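Each structure below appears as structure tokens.
In the two complexes below, subunit A is the common chain; its partner is subunit B in one and subunit C in the other.
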Partner chain A sequence: MAVRKGNTLFLETAPSVISYGAVGSKKESEGPLAAAFDRLWEDSTLGEDTWEKAECRLQKEAIRIALEKGELSPKDLQVIFAGDLLNQCSSSIYGLRELGVPFVGLYGACSTMAESLAMAALFIEGGFGERAAAITSSHFCSAERQFRFPLEYGGQRTPTSQWTVTGSGAAILGRKAAPPYVRAVTIGSIIDMGITDANNMGAAMAPAAADTLRRFFRDSGMAPADFDLIATGDLGQVGSDLLREVMEKEGCPLEGRHNDCGLMIYDRERQQVEAGGSGCGCSASVLCAYLLPALQRGELKNLLFMATGALMSTTAVQQGESIPGIAHLVWLSQEPGGK
Partner chain B sequence: MAVRKGNTLFLETAPSVISYGAVGSKKESEGPLAAAFDRLWEDSTLGEDTWEKAECRLQKEAIRIALEKGELSPKDLQVIFAGDLLNQCSSSIYGLRELGVPFVGLYGACSTMAESLAMAALFIEGGFGERAAAITSSHFCSAERQFRFPLEYGGQRTPTSQWTVTGSGAAILGRKAAPPYVRAVTIGSIIDMGITDANNMGAAMAPAAADTLRRFFRDSGMAPADFDLIATGDLGQVGSDLLREVMEKEGCPLEGRHNDCGLMIYDRERQQVEAGGSGCGCSASVLCAYLLPALQRGELKNLLFMATGALMSTTAVQQGESIPGIAHLVWLSQEPGGK
Partner chain C sequence: MTKKASPNTKSWRNIPLAFLIGGLICTLGQGLTEFYRSQGLPKDEASTWASVSLVFLSALLTGMKVYDNIAKYGGAGTLVPITGFANAVVSPAMEFKSEGFVLGLGAKMFVIAGPVIVYGITAAVIYGLILFFMGAF
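Our next item is the complex of A and B:
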């Protein structure tokens, strides 16, 4: 049974990620992680007639690939934890409706991959099923029109803005005596530091990232140097700088162990993505294309995966509200936990 | 440890609902359950300057009351499972951000109360914490403007339409050797029968309700007569008639044991609510105002609580998509499970 210390649950029954899939589109195919993706579409419509349907297709393909690689069928899953950025989580709902798998809809904005992974790991740890899937997605075009401006408007992008990844990642958790194992989970709290700029998500999320990270280190008695990599979700450059600064000030410098999925997926020099990548699909696809395989191959031994979400509602922001952030953390390791 | 049979998890460690709170507004104060609410506001703005802020306030008050009645503080909660109908679940996020409690955002449309209750029960069953809260809300005015028309438009309502409840319910789960106990949980799958009428949510949800109910009876070997009440979320009259008809046809008639939260909360004769009440706050407030106290007092011995959700995205519906439904089920009982 899991051991709770503070806000962190240490898993004792060695749930592991048994399969995964990552998909993306054109911009992702031009980035440094392109070769790691399972599938990339040159055309970001994916042949669908709306951006929203294209995003559904991303999730559909990511879970299909994860199932296929694991030699599994949807019937082998006892639950799917999924959500996305679109209103009513419609990419997940329409993308996954045909599977016929019990469905727990989540909303965690860009923290969704860590949220779903954490929930799936607890589901397995609790003995509630043999296999649980975690999945999310984002699409640049559907996100822009919902949260900012329709693409046709041709709005200028500010330097702090981030580029929503067109991609999806799906992970299937279960029990297989092989890494990557999920060792611990820290569920984050909502942190609101009063940021109101919808083009500066990094700043809205960094305090939440610092809060969760601080709790994890306190609960675990571990330090940044105990990890090969602390991969935050999509803080981008602005949020990453803020996070490192805050952690340094609090006497817990990240010691060169930190990188951000939003900085890994694109080449900021070449790709005109301003402060970096973002969107649920950012951390999801970086996790499933790059981080999980690196853990499996032993190139990474201990990873803190912490997806961060800016819980931004356009209605609330128009009513003068600030943008709260949240960050959930999952410790993934080559070694299982327990005794 | 929970025992899985088919899609149903039977809980063995006797998690129970240790406290709860229910709040509503004017229309709810005129309905048959008025006396059971903890607090009712005559003015549906609750003194706030937008409908959305009023809805946040509903959640804030519901959890405050639940904590107070349980002699608990936010620090006593290890997690909150919450969500609502508004885009980006903003009522939950803004309503609960000040608590500082680890937050798992859910999206299940009007199924959210059963979804959050199920997740909270599994959290306790899994030994992941001492106490977990489940909460959701809805507000007639914020829902109308987001999903249909702004109130100022004065649109006519169709006979199949339902009236979104302005209310919230919060339940705190933990371990206290007292009823109501959570005995079992069935997580539903997404069911889409091709309904496209945004004013007929009952018809979109009834097939999902039938699917989950069918699985529960098959998994448990029980029958409708084993329950004092099968309370569906908010099928209203149209969806309730459909559910009963489908179950009858399949050889599992509900034998007069079925009622719907959407039909309990308002008096359809007097209150002009068309097919009945709806919204996440409907099943949440009926559960926390009326059903949980009835279980506690022994007036109900075994209850199936099954909130149903129409996973409707206005964008998807405008793009010609149908409206998928989902239903999650929680068996609540005066007697604990396990050996």
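Our next item is the complex of A and C:
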């Protein structure tokens, strides 16, 4: 059973990620991680007649691929933790309704992949089932529609804005004596430093990322140098710069260990994505396409996966509220815990 | 700290581009006016037809998914002329067609342009009243 120190839960029974799948669309296929994806569509409608259906399809395909790679069927899953950015988590609900697997819908904005992964790991750790899945998605077009302007509207994007990733990632956790193992989980708190610009999400999320990292390092007694990579979800360039600066000021410099999924998935110079990628499909697809395989192959030994979310409600922001941020952390490792 | 880390809009690039593309649209409008006049239309009718043509072209380019690509570079240059307004009406109409013709297209068509119309008309009424009373003295 997990051991709690401060805000961090250390997992003793070594739950592991047994299978995963990542899917994306055109913009992702032009990015540096294209080759790592399991499936990429040239057409961002994925052959569906609405953007929302296209996003559902992303989830459906991601979980299908993860099941197939693990030689599993939906019946082998005891629970699925899923979420997305749309109202009522509709992509997850419509995307996964045919599976017939017990379903928990989560909302943590762009932090949802770390949230669902953490829940799935704790579910296995607690012995509540043999296998649990974590999945999230986002779609540029459905997100723009809900949060910003119509696609064909002629406006300019600000340099701090980020490009919502059209993609999904699914991870299945279970017990298998093979890496990547989940070693620890730190659930983030809601941090609000008063950012009100909905086009500067990175700045809204960076303080939350710093807060969660601070707690994890305090609870674990470890330091950034103990990890090969600290991967934040979608801080983009602005948020990443802020996070590094804050950590440096607090005497815990990240020493080149930090990278951001939003900066890994696109080539900012070439792809006109302004400050980088975002969305819960961003950290999910980078995790399942690139980070988990790297852990499995041994290229990464210890990884802090920390997806960050801007908990923005368009209504609240229009009423003058600021944007709270959150960051959940999952420590993934080649070595099992509990020794 | 946030301000320092957040890059500003590239004004040195955006302002001249807006000037250039906005100017081009206006030149096109003037060209159209001249064309209609050469066809024998009186001056104010010719400029009305020029406006109608520009609105049509902008709506068509929005429908062909070209307008937003021009606007990416043109910025305020494509926003300010009458073409920007047409784009602001057509783009949500296209986007929300998936929710049906009444609750989608019909209801959402003016989400961006609506406020402009409301306050435009209000301002027109206020100025009209001022002019009316000033004329009375």
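Criterion: the second predicted complex is superposed on the first by the 339 of 339 C-alpha atoms of A that agree within 3 Å, B and C clash if a C-alpha of one lies under 4 Å from a C-alpha of the other, contacts with A are read in each partner's own complex, and residues count from 1 in each chain.
As a working rule, a contact is a pair of C-beta atoms (placed from the backbone, for glycine too) under 8 Å apart; a residue touches a chain by one contact, two chains touch by 3 or more.
Every value quoted in this text rests on a predicted model; they were computed, and no experiment measured them.
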Exercise. Determine, under the contact definition given at the top, whether A:171 touches first (subunit B), second (subunit C), both, or neither.
Key: neither
Self-check item: Touching partner for A:155 - first (subunit B), second (subunit C), both, neither
Solution: second
Quiz item: Counting only touches as set out at the top, which of subunit B and subunit C does A:50 meet: first, second, both, neither?
Solution: both
Practice problem: Identify the partner contact of A:195: answer first if only subunit B is touched, second if only subunit C is, both if each is, neither if none is. | Solution: second
Quiz prompt | Which of subunit B and subunit C A:284 touches, first, second, both or neither | solution = neither
Quiz item: In the superposed arrangement, which partner chain does A:9 touch: subunit B (first), subunit C (second), both, or neither?
Solution: first
Practice problem: Check whether A:238 is in contact with subunit B, with subunit C, with both or with neither, and answer first, second, both or neither. | Solution: second
Self-check item: Broader residue contact with subunit A after superposition on the shared chain, subunit B or subunit C
Solution: B
Self-check item: subunit A residues contacted in one complex by subunit B, in the other by subunit C
Solution: 50, 52
Quiz item: For the complex, which residues does subunit B have touching subunit A?
Solution: 1-2, 4, 7, 9, 50, 52-53, 78-79, 83, 86-90, 93-94, 96-97, 99-109, 115, 119, 122-123, 125-129, 146, 186-190, 192, 311-316, 319, 321, 324, 326
Exercise. Please give the residue numbers of subunit C that touch subunit A in the complex, ascending.
Key: 1-2, 5-10, 14, 62-63, 65, 67-68, 70-72, 74-75, 78-79, 84, 87-88, 90-92, 94-96, 98, 112
Quiz item: Touching subunit C in the complex: which residues of subunit A?
Solution: 49-52, 145, 149-160, 193, 195, 200, 203, 238, 241-242, 245, 272
